[in-house]
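After this come two complexes, each holding chain A, first together with chain B and then together with chain C.
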Partner chain A sequence: MTGKTDVVRCRYITGELKEIEIEGHTEFVTPGSVLEQRLVRVNGKPFVCKYVSRAAGARNPRLYDLLDNEIRAGARLGQSYPDRYPRELAQLVAYNIDAEEPFALLREYSGVPVAGPAARFQDAERKQFERALFRLLRLTSEAGVVHGAVTTDALRWDNGVLQLVDFESSERVGELRRPGAGAVRSPEQAAATGVVDARDDLWAAALLVRRLHLGPSVDAQPDRRHDPDRLRGLLDPVLGTTVEHRPTAAELLSRLHGDNHLPSFVDPEARFAQGRELFENVARGKAPARGQMATAGRAQSTEDSPGRRRKRFFPFLSAMLLVSVMVVASEVIA
Partner chain B sequence: MTTSGRTTRCPICADEFAWPNEPEVWLFNPGDGRYELFDISTVSPVKQADLIRNGYRRCPNPSADMVEHFLPASFGHHGDPLVIGLVGAPSSGKTHLLTAMIRQAFLNGLAAYGITVTALDFRRHVHFRDQYITPLERGDGLAGTGTGVIEAADILLLRGPTGERPLIFFDVSGEDLRSTDARNRATRFLLGVDAVIFVHASADPAEKGLSSVDSENRSFELAIERLRDRVLPAAIAVTKSDRLRYVAPADRWLHRGEEQVLNAARIRAESRDVYAYLHHVGSGASLRPFEAFSRCTLHFTSASGGDALPKQADKEFPKYFPRGFRPSRVLEPLISILAMTGVIAGQEAERVGMP
Partner chain C sequence: MNTSRVVLVDLRGGAGGLPSGELSGGVLVLDNARSLVEHADVYLSLVGENMVTAVVCIAIGEAGTDNALDGVVLTVPPALQHAAVLWVGDPEGVDWAPENAPPRPVDQPGMGLVHLVAALQMPALFDRVVAAAEDAPAVAVNPGLRIVSSAADAVELAEARAAAVRSLCTMEHLPPHDLGASIRQTGPLAGEGAVVAGPVQAAKTEALRRLGHVAGLARVLRTPKALFGSARPTERLGTQVTWAGQAVENYRLAVVELLRRMDGHVQAGRPAVEDVVELGVQRPREANRAELAADLREAVDTRLGEGVPLPVLAHELRMVAANCGPQGCATDLDQVTGRGPLELAMPAFKRWPLTLLTLPLIFLSCGVLALVLGPGWPGWASGVLLAAAWFGAGLLLLARRPEKEAEAGLAAALVPALLAYGLTGLAGVVAGVVAGRYVTGQVPGGLFAGDLLISELVGLSPVTVGLLVTLLIVLCGTTIVLGWRGAVRDWRGALRVADLENAVADLTRIAEDATVREWQPLHRREAIATVATEVAAGLEEITGALEEAGNRLFTIPPGTPASGNGLASMARPVPQELYTVIRGDLADVCRGALEPAWPAAVTSVRTGEGVYAQRLDRLLGEYGGDVRRNGLLSANRFGGDHAPRDALMARVWSESPTALAALRTEAGGDMTQLCRGAQLGYLSTSAAPGLVRFGPQRLRRLLEQEGVHRGLTADPGITWGEGGEFVGALRLLPLRTESVRQFVGGDR
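Presenting the complex of A and B:
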């Protein structure tokens, strides 16, 4: 991707292959991204393009994994909210992971990094921030995506609307937890044991809320006994328990009387339900063949195995014995 | 002719014959490209063993229906050979899959199952490596298999807990596989196979000229018909699954990478997902092997990790892989076949591919 306009092959989040024209390459930086970024235009509209240049990829191959995480999370979110994509989440539009310079194309982010405005938040805005934070985690958890680095670096603020971006550390619910070195990883994430839980992000979110209310110095004070009661009531169930006992984002949002409704949600797996059912039906139909297969690949199937021949021989032997006994008995009686 | 008394089926002509035990082997002369008969009765046992390891025996081909062909001289010294045929339409990715599979096997990809792989036919393997593995490792794309090829692609030796078994792969041109000529020599290998890997390429709607659905119908159907009276284990490999890397349900499986433990339930879960995917995208015809073979598994695989692109914009070939060669889950179909044929033994293996 060099020069002013490039025609590039890419895939939409559905996997469909397309060619698009990308114009303009203005360098772009967000505090939560390790990847190189540019602001570009496609069909006259602004987009964020995250990419791995050959030179950067050669220096640090891990960058390809970060881009893969970003695309994987974005594709899942896009497939989960295909009709009305929530503006609270960065929106992946297209990608090409196979190019020499693989990239992800996302809709232009909204607002600015939240760290600046958050320093001036009044209490009402802090509460607005809390609700918005747990709402966007409700959206990600519903789609089975864990962001993995929920900090002010990955959040943007736009007149009361919070947006979560930079999914470079993301994971998928139900998969094995990945080792990582982030400062805000929950004990389970830090230990990299077990499987990813939709509530993994809540730990980082709780720390963020506490910091927002009590200031940066609170990071060095894990003892929460002197925290305000309201904050303890909200955050203790998150920070004081293991992930299995943690409330969900939806439950926390309810406690805060936040907006808990979901936009039109589609389970990307649901369209395969009919095929899975058909598989089971066909498998059930094949079940009687179970006994035939012990010697597959070792002997020609058209020949009976010794075991099968023995099985047929024994009923035959029994019948012959019975007939012999009857004949002898009839002669004795006669 | 003295024989070992052991009957062997030639994987090339599918004839059965008593394995010869004569004190002579055929040695290949690279100078003139011919085989020469060599008497080994007068050399020391150590040299005899070495010549047998590197030499060949001529198949007697009792049916006299094929050109002269040779098998590794030690072919009959091991357990029953396992002959695996790859069946699929032109451009379905059979050659890429086979190449990636053999490469991964040589990279100790079967070690988790206690199996090691070496070449049994060294000359054939060197040819396969030079023609296929090395170009792929360089990041170059491969052209398809030429029509009329009747030789095994590679002959390997598996060593594992259940003993030693020759492993023979047949990769026949998709064009030949669609031939309805019963005398087509290239498809005779089907008579001698012990297991089949059916190869279906993941469709890319935007790719010009792709019509894999119809042609795979024919390749699969013709192979199934020829194998109808046999009870064989089969696997269906959906190649080029990297195109589905971020699309359910393939994304979940590709993300797992190579498996290290045999787990029949997991293989069944993947099989069900692949079945559901092919059914959903209208490739039901490629599911025929699952219905036809009582023991069959299905897998998402990516031989190269991505699409090969033309090196020059105005020419289709040569191609290259911009990010190199990154195979994913290519051994899964083979591992299932090994479990279903008893090479990988145990209760878990016995459950693999069961309905």
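Presenting the complex of A and C:
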């Protein structure tokens, strides 16, 4: 990843392995990214390249994990929305984690970091932002991805379209929660207990919405009793409950009259469903026999032990008798 | 002459030219004495300038002739005959009291000329000096001065500025303040007048009509009309009850739809206003943005005046935007949705309107009648008739029972009525006949009594028998009527028409509340949110800019000692008052920087990013320039409130006895005469010196308010000028006539 033009091997999220030519290396910074980034061109089209340089990786090996998270989330999202990928989410195109400087290639982000324009949002734009935020969380949760750091740093605004980028802290639904030091983490995420829930991101999103409406100074005021009724009605079910009782992003989106439909969604697990079901059937079919065998085995073992003890005891008794007879006989003879 | 402003022109640098641009007002020229003749054309143009009211020339140094013995110390060109010439032989001067003390070195070297120039920039003093110079019997005068400055110490000024910036930019946790309460309320309140019409109102009317109809039918149910005639309410009561429930549910659904559309439009802009209006609400009222902005501006100004930090005010405005902005009616929608589905349950009518507890009465009544009127055919015939009557009544009541859809009907009631009431009556008749025969057998001669009734056999008179039979029939009739009415009462008690009427009232209240609260003032709410957001964003931008740019204001000049500016005569300001003045000024600067927010809020045209910061930067520069030129105590365009400056002035001058002493200085008193001791000989001792005493107008007001030093405030010899930080006296000693040479041209 040095020089003006590089030819690199990478794997598309479809699994295809290809060699591509990367041109241009303009440094690129987003507030939500820890990884090094560049703006590059591939076939004349702009892309964001996230990578871990040798030096940075040596200084901070955790960067490899962050890149891995980005790739896993991007691949999952790409597989979930293969036909019409939602532009609200950063789109991973290709990656290479086996290279000396592993990288991920994403389509160029849209808009600008939302922190700037958000300060001057009018009421209609704030509501538009709310709907867009919960919609993209609906998209990620449907794909089983939790972003893990939903803040203004990871959001970009492009004339009413919100985009979520920088999945470096992402997790997959159902996995064990990782400890982390993100700025805005739900109590469950902060405690790093249990498994990742699709509603984990809603906590940070709710705080973000509250901050958007009440200004940056509200971060220091966790007491929501003086919040406007509308915000309390919307956010209390999220911030005032545990993750199990939290509404889903889809429910919140409905409440806000947002666009709740999904683009054509493919469950990546579905392709393995037939094989998994076959395996389960086979496993179930074998289960009784294996159980009987196990029971028999256990019975055998319980019977074997005294038997083996008897078998060991008999030669011992015979030897003792023989010795006794020999002693008595020697005495008699003597 | 009333000069409004004084322009300083310094010709000492060698350029020898006037500043670019048109000069106006009073012009104070600093020049070397030797250059006066050289700059003759400049002076000529100055005094000839129409907009220049007067020229004061401070000539520094000596400009004599080649002959050192001729006593000439100053040569003036003819143009300066129309100007006031102040000759400064030495910028440091000597302390001298012509009548009391010989000349001696000054206490504060280097400040005499500086103070003179600064003081002469006060327009009132400038005019007074011009007048005094004109009155002097000489072309030029030599100034002596005794001045006390109230200028703030640079270090303290910087510290006060830093504290003021911190105070303005700190997010303090103050008690919650509802800024929105200061916005005038307009428009009707909930419950005032009908707010919902159209389909929703029609659905409500229909629901109430149907509920009323059911209530009417229920009332009729206890009258004979329910049992007889062709228009019996029992025929369609069940259907009407169902329809009434459905009508109420339809009304609820209409309210749900109304709320959903309103909420959708408020939250997401969908559906369109027309789609909401078609359900029966009026269009949202137009809002007077200018009035709202004016109200909010007044509230913001008040809060700034109360000393609220900018981030706190921004937060309060955000709260206004969030609280007073469009809220939607999701809660109302949840409430109405949670109440459904509504229905009017059809209570089960009593299975036996003529309760089975009457069966003994039926049995006994039929039996007694057959017995009393027996033993012949009148007995059993009347008994059978009574049994038939019981059967008929039971059949009728059973048949008129209202059920889910219609009344039960005769066919369905026939068998139960026959089995229950008919057979019981017949059994009673049989029992009465048998009992009659038994009684007849028991009575002596009864078997042979012929046509005598049993009642007669036992000694009852016909009247008694008639009365007994009548009572019996009345009892039976009363039992039947009470049985039906009791069943109707129970049924009506179980019919929840009132509950549904209350539900309709609740739905109406919710719909009207939401309409009045959210829909009708939608534009007003949007306008308030827009105004408050714009101002809050402006304040947040200003806060950030002030934290950064504020530190460039009143910076300490390099090499300045930690405290004091080396002026023994400077009255040291009290930091608290100084802080209050600067904080108030900075708050006004911020108020000025926020100015573009108000027109932007009214027109909904958002100001560009950085506009407030740039404006603040510019205003801070202007403020700093004003303070540098005129001093902090001078009124400037940012110090709207005079009280802090008055307080600062009071503290400064009350703690500075030298200031009042300077104001009382006489012409022969001790002053710093701006010449060397050796040059005092050039000054005329025969002519009376001119004396100009001066002070800021603010000090005079303060003294008048406090009622002290009345002699000073009433002294016409003191010139009170607006602005300035100097108090003191100027002594203008004319130069001897022979010490000034008039230059007529050609011979320099």
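What we mean here is this: the second predicted complex is superposed on the first by the 279 of 334 C-alpha atoms of A that agree within 3 Å, B and C clash if a C-alpha of one lies under 4 Å from a C-alpha of the other, contacts with A are read in each partner's own complex, and residues count from 1 in each chain.
We take it that a contact is a pair of C-beta atoms (placed from the backbone, for glycine too) under 8 Å apart; a residue touches a chain by one contact, two chains touch by 3 or more.
Quick caveat: nothing in here was measured; it's all calculated off a predicted structure.
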### Task
Determine, under the contact definition given at the top, whether A:Leu278 touches first (chain B), second (chain C), both, or neither.
first
### Query
Which partner does A:Leu214 reach: the first (chain B), the second (chain C), both, or neither?
second
### Query
Just chain B (first), just chain C (second), both, or neither: which does A:Asp223 touch?
neither
### Task
Tell me which partner A:Glu244 touches in the superposition: chain B (first), chain C (second), both or neither.
neither
### Query
Just chain B (first), just chain C (second), both, or neither: which does A:Gln79 touch?
first
### Task
Please indicate which partner A:Ala119 is in contact with in the superposed arrangement: first for chain B, second for chain C, both, or neither.
second
### Task
Please indicate which partner A:Glu27 is in contact with in the superposed arrangement: first for chain B, second for chain C, both, or neither.
neither
### Touch count on chain A, higher of chain B and chain C
B
### Query
Which partner does A:His257 contact after superposing on A: first (chain B), second (chain C), both, neither?
second
## Note on the structure
Within their complex, chain B touches chain A through residues 80, 82, 194-195, 204-207, 229-233, 242-249, 251-252, 255, 271-273, 275-280, 290-291, 294-295, 305-307, 321-323, 337, 340-342, 350, 353-355
### chain C partner contacts - residues on chain A that touch it in the complex
116, 119-124, 127, 131, 213-218, 220-221, 226-231, 233-234, 255-258
### chain A-facing residues of chain C, complex
171, 173, 176, 263-264, 267-270, 311-312, 314-315, 318-319, 321-323, 325-328, 330-331, 526, 529-530, 533-534, 536-537, 540-541, 606, 609
### Query
In the complex formed with chain B, which residues of chain A make contact?
11, 13-18, 64, 71-72, 75-76, 79, 95, 97-100, 102, 172, 175, 268-269, 271-276, 278-280, 282-287, 289-290, 292-298, 300-302
